[in-house]
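Take a look at this one; I'll ask things after.
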Amino acid sequence: MNELIKKAASLLESGAVKVVIGYGKGSTDRTQAIFITKVEDCNQLIFDSRCIQNLAVYLTKAEIKRMGKPAIMAPLPVLRSIVQLAAENQLSDESLVVLGVSPESNLVEFESLAAIESYLQEHKIEIDEKYRKIIEEIKSKPVSERFQYWVKELEPCFKCYACRAACPLCYCTRCTVESNQPQWIPVASHQLGNLEWHVMRAMHLAGRCTDCEACYHACPMGIPLHLLNKSLLQDVEENFGSYGPSLNKANSLSSFNPDDKESFIR
Amino acid sequence: MSKIGVFICHCGENISATVDVEKVAEAAGKLEGVEFSTDYKYMCSDPGQTIIKQMIKEKGLTGVVVAACSPRMHEPTFRKACAEAGMNQYMCEMANLREHCSWVHDKSDATTQKAIDIVRTLVEKVKHNKPLQPIKVPITKKALVIGGGIAGIQASLDIANAGHQVILVEKDPSIGGHMSQLSETFPTLDCSQCILTPRMVEVAQHPNITLLTYAELEKLEGSIGSFKATIRKKAKSIDEKLCTGCGLCTTKCPNKKIPSEFNAGLGLRTAIYVPFPQAVPNKPVIDKENCTYYQKGKCKLCEKTCPTGAIRFDQEDELVEIQVGAVVAATGFNVMKTSEFPEYGYGKYKDVITGLQFERLASASGPTLGEIRRPSDGKIPEKIVFLACAGSRDPAKGKPYCSKICCMYTAKHAMLYQHKVHGGQSYVFYMDIRAAGKNYDEFTRRAIVEDEVNYIRGRVSKIYEENGKLIVKGVDTLLNAKPVEIEADMVVLASAGVANPGSEELAQKMHISYDAYNFFAEAHPKLKPVETNTAGIFLAGACQAPKDIPETVSQASGAAAKVAILFSQDELSRDPAIAVVNRCAPPLFSTCVGCFMCATACPYQAIGEELITDRQGNVIKRVAKVNPGLCQGCGTCVAFCRSKSIDIDGYTNEQMYSEVMALLNND
Amino acid sequence: MKIGFYPGCSLTGSSREYNESILAISKKAGIELVEINDWNCCGATAAHNLTKELSVSLPARNLALAEKDGMEELVVPCAACYNRLVMTQHELNENGGLKALIADKLQMPLKNNIKILNVLQFLEKYFVPRFEELIKYPLAYDVACYYGCLLVRPNKIMKDERWEDPMSMDSIMQKLGANALDWSFKTECCGAGFSVSKPEIVGELSGKIVRNAVDRGAKAIVVACPMCHSNLDMRRPAIESYLKRNVDVPVIYITEAIALAMGITSKEAGINRHFVPVNLTVNR
Amino acid sequence: MTEFEPKIVAFVCNWCTYAGADLTGTSRIKYAQNVKIIRFPCTGRIDFMLLLKAFSEGADGIIVSGCHPNDCHYTSGNFHARRRWITFRGLLDLMGIDVRRIQYSWVSAAEGAKWADVVNSTVTTIRELGPYTDYAKVANYLEKEANV
């Protein structure tokens, strides 16, 4: 950690970056994102198991951009998001400095985004057995029960859009849910509105989601949104081959293979 | 507030027989935003169209729905009518009440209700239609012709004579194609080369034609009016400017035992060669696979003998990019090889040859100087058997189609044989004699009656060798189906015409479709025989299906005419149904966030980027931009865009959305 | 090693020598051919002209029995039997409904996945690789390999890539030291269908076959089918009267040829049973 | 009691299936009235949201149909669509939105008979499944609110 703090400080000192995005102490025993602009504040940076928020989300926010070139503390989920954002032309090598944090909480430096991608080859996304089981269970229910299950799960959603705000890949300046010509998604947070909103969000993340679970952690009602993404992640892997954010490999949903297999088109 | 006119067509009885059109008109009249609705016997008729025009003027209609046949049938008609009445033509939509309703359902309330639903759906769509202007695309008035056979030659000459530039690409060292290999031509028996070579020379000398021989299409991008073609000019290993075509090198080349393609394998050629004496251009190329120098690293005899020092061993393939407005595919065909006939000996019998090989034997420029001598021992065959339909019309061979030319050239072959070998006996096994064409049947008659060719109606099950003779086992279905065996000295298979090897890949390069046998597919079997389903690419000759010379030439001229018609305009107006990236007020400028996933999804590389800058020229935003020239309007990008920032005119999100809503809310 | 064995009627009657020779060579090679328990007619006779159902049930029963006996491979020397069994296996695999129907008739389970070998495939698999050790005396003769129709037709099911000019038997004979001639009648009809009703037609059809073989210099015609054999061997008088000349070229089963080369005596291999005496010898 | 007449929306591409359905008409092949066609330029254009909308507006079944692989008028729109449907189908299945109610098919401009067959078999399937009450309940929840 000290290593990382030193690095951050030197970056600010040299003026290489204008702001360091990292984890700091939050209210009660929680952590929060902090934006350090002064060398002396660098020692506020912390890293431990509580640091689950995906900081990459700030990289696309106008307010942060205005602060100037950032350095960002990046454990694996953040690294993945960064590569995906770069793949979607939202970041470039010049636009930021990445202070990687290894699973062993050590500083990892990268000379390029490409280097991050190859680093991620050793740290592939793996969907926890536990979740695979849960998804299996849900799928094993009769269709109508499954439907009721989700209607019920989504019932508490009151469209606070925390999931969207926490998601590094939800960087659209105008979300479809806000477009009203036509009104794709009913605004109200009733059953239909909730269902359609979450189906749409899941689809928009299909093939892009890096499984950081930020949406789930952000949801005040604890709706298991991450299950939708994980399931789609599985499907994408199953049908279109191994998945992982990549700078040059075309996104699995905006590309195709003439020999894609399916069983349901007659 | 939209004022829409709805016009229900009876189509004579075709719609009104099962749909209660008055009821539909009445229901339509009640729809919100509908100003006027009526029904009429024939909307497409002049009086019908007049009603529409009058109403547009009288009622000041802002949109029109014509409920009649399929838009694929009459959309242009009615849009034109609307335009003539001063309404933007794209404010007119058609509701398909005939193909999709009246013809497929029995008379019933449900059928009428469905008709009403369809009309309501289109009314809702039209409410969201925007006036559009057709897109203008400039036309590059230069044509690419692929293939230098008679089809390509004819097409090139016609286009060139219409005053347009032509680039003629031929994969072989010389143009001429199969026609240059033929001996005489039916039904006139005039010498093929005598009529062809003048055309070849004309091509070479024509100021408007650029001839690229020993070259192939590498890549074709863009669309009608502005294609970008990449041509691979294979290394000829000679400097064409210096080469005088004296041919000394070919006499000195030590490698003389290469089967000659021009002589269909019956003659030999050298490694540095001119395919045939009348070749155009009449300059040699080095066939690297068979050249001693390229294979073993030493020899260079040709270089030593060349008086002008034109040999270039270091020459490499060259890729040239050219802009063209139209493409004519004239890549021709090929014939099945004898080795493809197990029952006729897998090609192991030297004296079982294909019709194309017989052409070379009968040709004065051929390996036997026109004498019919059999390949095995050079003897003159006293008894010869011709097999019409060798492979053709034979599902077992995967060629259920008729190759069309075999009946005629087989009759010709038999005639030539009878004329050249006096006292020789010739037999023709046939399924049917298909001699449809001017003076064709007379021609086959002549073979039978005057030249006494023995026609046997039946097929041949087997050919085998027994003491120096080829035993042809067949059946005579007219002589109460008796098996017949003929001891022949030589057998000629009128083997099926097949697509050229590689035609599949070529079709994919050009994005045109091809049939189950890899022949290129025309856009419509009857009404668009020279067009392909890719605008701006046309077909000429046997690459579309086996054809004889006259048919090939006429199709080539047809294709040339299509090109000339296209080139008669300076710009092309295209349906404006294309994608657009939205724009909105600052600071957003556009809801596009520039993820460019649409770009990777676009089949036409039509999506590029646009930098939105402030007055000082600082980049504020990087967004996607659709190139209207390239966009073909598939809308794949629209369904992709997460922020709904890209939309497609004519099928906008609002239009499709309201159609779904309208279709389902019929209560 | 144990392999399933379906002799069929011919091998127990008109072509016992075929049976004896294949058993002899297998024995010597240490391969045990286990006969299907309670096997029945393959249906090659009248059955497949009568009813479709019967024509598949007969062979199907044999296949089911073979499965019951736990066989994974089944050697069927008679080309006609082989043809029926393979055709049946194919048809049942293509047509699930029929398969169910037949299995139901048979009152026996039918996986229908047993590997059926004709004699050539059997030899290629179990003998050719061991020729080094097995072959004592090369059989140095010019021979014509005659396949007949049943081993290669219909090709879409038999899948011989040179069905008009098969080579498998030729290559085995070559490896035996013989010179397999290139000739034209490998798959011509021998007239088996008329063998009883119209022998004179057999005379003509088989006659042409024999003539071509002799003219090419064959010292023996090698066959792998009882029908071919009986027509070319037993019908020799009819053949000679058609050819208007005497021909003494012997007709031997490929299994007999191998037997000789393996040093098995003519008697053991049943070679003494032929109508046209087999005057082939190997120099011991 | 009268038989349940399902509401079915067909999202079809202009070049293959729409033309194919035209051919069904010209060949006078009869099929059920339940299916109504909406014309798209290409299956690639069909937004998955529109399928949801169809259900929420009371569709009991949906047909999505376009050009066979390799026959797309736009060369690859249908390939993209295929990937989208594979993914979407997985999600719907997880969420218990009845995938049996969406029939995907490739119907070329030459397959008039196939179109009739697709329509009729889909109608049969949906008849067996009955009205899509599950989704309707959720959708009507909206109306209840509106009426308040």
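To keep things simple, chains are lettered A, B, C and D as they appear, and every chain counts its residues starting from 1.
We take it that a residue touches a chain if its C-beta (ideal position, glycine included) is under 8 Å from a C-beta of that chain, and two chains touch if they have at least 3 such contacts.
Predicted model, so just to flag it, every value in this text is computed and none were measured.
Q: With one step meaning two chains touch, work out the least steps from chain C to chain D.
A: The fewest touching-chain steps linking chain C to chain D number 2.
Q: What's the farthest chain from chain D if centres are computed as the mean of the Cα atoms?
A: Between chain D and the rest, the longest centre separation is with C.
Q: Pick out whichever of the two, B-D or A-B, is joined by more C-beta pairs in contact.
A: If we tally the C-beta pairs in contact for A-B and B-D, the bigger total goes to B-D.
Q: If you average the CA atoms of chain A and of chain B, how far apart do the two points sit, in angstrom?
A: The mean C-alpha positions of chain A and chain B differ by 49 Å.
Q: Approximately how many whole Å separate the CA-defined centres of chain A and chain D?
A: Computed from C-alpha means, the inter-chain centre distance equals 33 Å.
Q: Compute the distance, rounded to whole Å, between the mean C-alpha positions of chain A and chain C.
A: About 70 Å, centre to centre.
Q: Two or more other chains touching the same residue: where does that happen in chain B?
A: 601, 640, 653, 657 - these are the residues of chain B that touch more than one other chain.
Q: So which bits of chain C are touching at least two other chains?
A: Not one residue in chain C touches at least two other chains.
Q: Where does chain A touch two or more other chains at once, residue-wise?
A: 176, 184, 253-255
Q: Quick check on the complex: what are the chain B residues that touch chain C?
A: Going through chain B, the ones touching chain C are 342-343, 345-346, 348, 462, 464-467, 471.
Q: What residues on chain C touch chain B, complex-wise?
A: Against chain B, chain C makes touches at 162-165, 184-185, 188, 212, 215.
Q: Touching residues of chain B toward chain D in the complex: what are they?
A: On the chain B side, the touching residues are 70-73, 96, 98-100, 103-106, 108, 110-111, 113-114, 117-118, 121, 511, 513, 533, 577, 601, 603-604, 632-636, 638-640, 648, 650-651, 653, 656-657, 659-661, 663-665.
Q: For the complex, give me every residue of chain A touching chain B.
A: Touching chain B: residues 88-90, 171-176, 179, 181-182, 184, 204, 250-251, 253-255 of chain A.
Q: Using the touch definition up top, name the residues of chain A that touch chain D in the complex.
A: 135, 138-139, 141, 143-151, 176, 184, 186, 188, 190-193, 195-196, 199-200, 202-203, 206-207, 227-228, 231-232, 235-236, 239-240, 252-258, 260, 262, 264-266
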